[in-house]
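Below: one structure in structure tokens.
Note that the chains take the letters A, B and C in the order they are written out, and that residue 1 is the start of every chain.
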Amino acid sequence: MLLEARNIGKSFTGVRALDGVDFDVRPGEVHVLLGENGAGKSTLVKVLAGVHAPDTGTVERRGSLAVIHQELTLVPQLSVAENLFLGRPPRRFGIVDKARMREDAKALLDRVGLDVDPTTPVQDLGIAGQQMVEIARALSLNAQLLVLDEPTAVLTDTETDRLLDIMSELRAQGVGLVFITHHLDEIRRVADRITVLRDGRSVGTLPGTATVEHMIELMVGRTIDEQYPRRRTEPGEVLFKVEGLTRRGAFHDVSFHVRAGEVVGVAGLVGAGRTEVVRAAFGVDPYDSGTVEVAGRQVPRHDVQAAVRAGLGLVPEDRKGQGLVLTSTVADNLGLVTMKASTRAGLVDRRGQRERAAGMAKSLRVKASGLGQQVRELSGGNQQKVVIGKWLLADPRVLVLDEPTRGVDVGAKVEIYELVNRMTAAGRAVVLVSSDLPEVIGMSDRVVVMAHGRVAGELPGGTTQDKVMALAVQEFPA
Amino acid sequence: MKGMTKMKFRGVAALSAVALAALTACGSGSPAGGGGEITVGLAISTLDNPYFVALKEGAEKAAAELGVKLTVVDAQNDATNQINQVQTFTTQGVKAIIINPVDSKQAAPAAKAAENANIPLVAVDRSVDGGKVVSEVASDNVQGGTLAAIELGRAASGEVVHLQGIPGASAARDRGQGFEQGLNSGGIKVVASQPADFNRAKGLDVMTNLLQANPGIKGVFADNDEMALGAIKALGDRAGKDVAVVGFDGTPDGLKAVEDGTMAATIAQQPDVLGRKAVEQAVKAARGEAVQEVVDVEVKVVTKKNVAEFKK
Amino acid sequence: MTTVASRKNVKVLSDNGALAGLLVLVVALSLLAPSFLTTQNLLNVGVQAAVVAVLAFGSTFVIVSGGIDLSVGSVAALSAMVGAWSSAEAGLPGPVALLLGLGTGVVAGLVNGALVSYGKLPAFIATLAMLSVARGLTLVVSQGSPTTTPDVVSFLGSNLTPYLPVPLLVMLVFFGITGFVLSRTYSGRAMYAIGGNEEAARLSGIDVRRQKLVIYALSGLFAAVAGMLLAGRLSSAGPQAAVGYELDAIAAVVIGGASLSGGVGRATGTLVGALVLAVLRNGLNQLQVSPFWQQVVIGAVIALAVLLDTLRRRTR
């Protein structure tokens, strides 16, 4: 055993985060840690890494451990090599030996299969490359145990493939890996064992061959009938219309429309311009030409407040960076959009805002100690519910969801899908931008596929992944 | 990209030129040069204080009478700034420089710059430690402090407090030293010495606090009039009746307080005379005439009896 | 009943490191200086805290919204000088002069706000420029000499009754206004959102640029009020008044538990912060600490107060 944790218990200010958890890792295995957000995975990782001391139980470790977090800890302006040897560069006569640093870096990068020049600044690498650098750095520290905390949440499919290959490679080299992910299909490809946590307890350890249904059942504590429970409604009038939207260098002549009661998915590869289009339509960024209409009325260009008044809403892709005020409470975040409307003579109707926030938090089943809890302390799925909730309170006619389930666990995902159903049942229109192909196909009534900043085509809901991909990789004449 | 930066740079340059031109137009002194006319540079420590404003005005009057041009720069109490300003003078063709050092101990580099450019330097109000000056025009702060102690001893007897200037500043050191020396003569005893940074608001706060701990005091000496005026505010009705306050500098507000009877006395340094004498010496030096190495400007005790002479 | 109350008190103390620090200071000074714990002296402390406190209330708005205002000391001096000059030199009636002075503060704040929100200048630079400009204009207006204030301004520095100093009342009124603005008004709530995450605020339909104008204008107005208080206490507006007060104001806000990165801060914290500084200066005078050591002590206490607060948050 590389690592053996027995009967781990841990509480924070009276809240039990872990309760009698057993967990171990052998050399040369991938042990998946599975559970909904808030199930205790992060706490367990912190106990294993020695960040938190457990209240009860013991942790025995043979060999050093490194944790690769979702938020990377590299210095973006420094080169790959400098990042790999940050704080301990190879020296000669007290001076950094750059030639040797490059060679050593190259050897490490080969080990993780990353083919880049070690002098490249890390910020030029893209998120997947940066992750590889993090893993290489951990290996350079002779880590025999690697904890990967949701590394694939920010990766594209091909990047994920490569990461899983590298994990298999490292396993063959005798490294023990702890892998945390919400993508159940990934688990089946690499896992040797799967330990499922629920409400701070270990509810079972499964073999890597376990079925997706079995995993979900253990994780959620109930069976989920449908992963994508889309309930269609009869489409009504056109509520949202984007016509010929163009911004030089970003997107070109993008047109699509969404009817009342409809969900239109926007699919495409990373960099196809999906986020850029919806941000421009919402007034966050400017565009050069084209029009955006809500219910037949044109929305002014580059004016978020006008877009909000017209009945548009946007749940942005970057939850922490653009969706939430992390220093504020659940109630304040939920009230952010409706604050203006509830203001009379400069004074906010705080009681009304609080009541409405309480109602929304309850209906979305936000898990928090109370409305006064800071959102930064919530799990990813609950944070996302708060971002969606602030828009639901404003009751927009058109809600644009950009990667709404990224980093969100299975149970919360289904709840978010139900919110989409609720919106369309009430005659609202939803635009669903997502890199998760099964999701965008399963939840959309129509799918608009973008490639290289243009609309490559449109497919009906329930289409196949192959058809979407065929459009997504389409080339356009320059 | 390159073109952009260039254009931006041009924009900035143009803007600066306009700003400079506008400022020159509304400033009193015009740049040096000009056929045969003598220009004298005056590097003043700060214009934040009425005392130095009076010094500047005295200098300007003398310059006008003598028919020379006077360029005034303000170092805003920053010694480094002042060195730069004196260096700038040396490249502007001034025939003599008058320096009113921000700090005596930090003015040597400025003196060196003038010496290297062969421009005579006159120090006014404060000396230049370790630097060469052709003439030093000053009133004696130490002597002034002693006079203040004697005057306070005359007006009061018993416990007194001393409000000090900025800790470490030369005027605070000298006046404080003189004050201590003059204490033996009268029947007063210092029970508290605290800094109020030459500032009126701080003089008020510090005096209020000292009164709490020492309610029975009979006199106050402040290193300048600003602090003395703050102390008078703190004393309220007691000022001039049961507590005697002595200030230093003889600023307009200070003189008015002496006239009103709230301030027992102030030590007038005659800043306008300092400015006038400095210009006279500088012009002599510029014309190659003999100068006086040390010009002592009389320090005067101002009381209600003679205050009228000082008010203009 | 008493246990509930005392438990509540303990919670208030542990929630607010600065308040605990203030109490420690007060207890220590009461033991060391016999004249400290008297009604008159405590009133003095309140009066002496008033100017910095009102400046700091204005700075609280700016700091909560993630900005900084370095110009408040200079703007205070300029506003007071404009008020005094309008009355003494231009012969306008006192109340009109007072309003002109307050208006000057608002205009200076609006300029700061416009530079930050529309000019996209970093707040540090924009307000640093205003620090210099406002101080310079003060000298221009005053020609370097102190100017007598009109009676209505001097009233702000006087006592209503021996135990009711006006500066103390003004401080308490502005404390109330600050708390009200922060917790109840749209602008106040927007400050927290903008300071916590400006992008999220913008994407939620908050007019960030307009709110920044309001925020800096408020800071300018509060600075003007502080300037009037200072001038009122001396019955005179000085060209060198309030030099360096912006740093005291920022220190008070931060001692009070606000974060310079924005999104966090409260009116009570700022009040306590201003009182900490005033108590300290008062105590140092009464204990007759050497002038050279006073600055060392003040700096150390500022660092200690913030450090205690940080530690308290970390252990939570």
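To be clear about the criterion, a residue touches a chain if its C-beta (ideal position, glycine included) is under 8 Å from a C-beta of that chain, and two chains touch if they have at least 3 such contacts.
Predicted, not measured: the structure shown is a model, and the values here were computed from it.
As a test of understanding: of all chains, whose mean C-alpha position lies farthest from that of chain B?
A
Based on Cα centres, what is the most central chain?
Most central by this criterion: C.
Quick one: chain A and chain B, Cα centre-to-centre, how many Å?
Once rounded, the distance between the two centres reads 67 Å.
Measuring from the mean C-alpha position of chain A to the mean C-alpha position of chain C, what distance in angstrom results?
43
For chain B and chain C, what's the span in angstrom between their mean Cα positions?
31
Identify all positions of chain A at which a residue touches two or more other chains, and write them in rising order.
none
Given the complex with chain B, which residues does chain C contribute to the contact?
So the residues of chain C touching chain B come out as 33, 35-36, 38, 40-41, 44, 47-48, 51, 139, 143-146, 230, 233-236, 238-243, 281-282, 285-286, 288, 291-292, 294-295.
If we count contacts the way the header does, which residues on chain B are in touch with chain C in the complex?
47-50, 52-53, 164, 167-168, 192-195, 199-201, 204-206, 208-210, 212-213, 226, 229-230, 233, 252-253
So in the complex, which bits of chain C are touching chain A?
For this pair, the touching residues of chain C are 183-187, 189-190, 192-193, 195-197, 199-207, 259, 262-264, 316.
Of all residues in chain A, which touch chain C in the complex?
13, 282, 284, 304-305, 307-309, 314, 316, 321-328, 332, 336-337, 339-340, 343, 346-348, 350, 390
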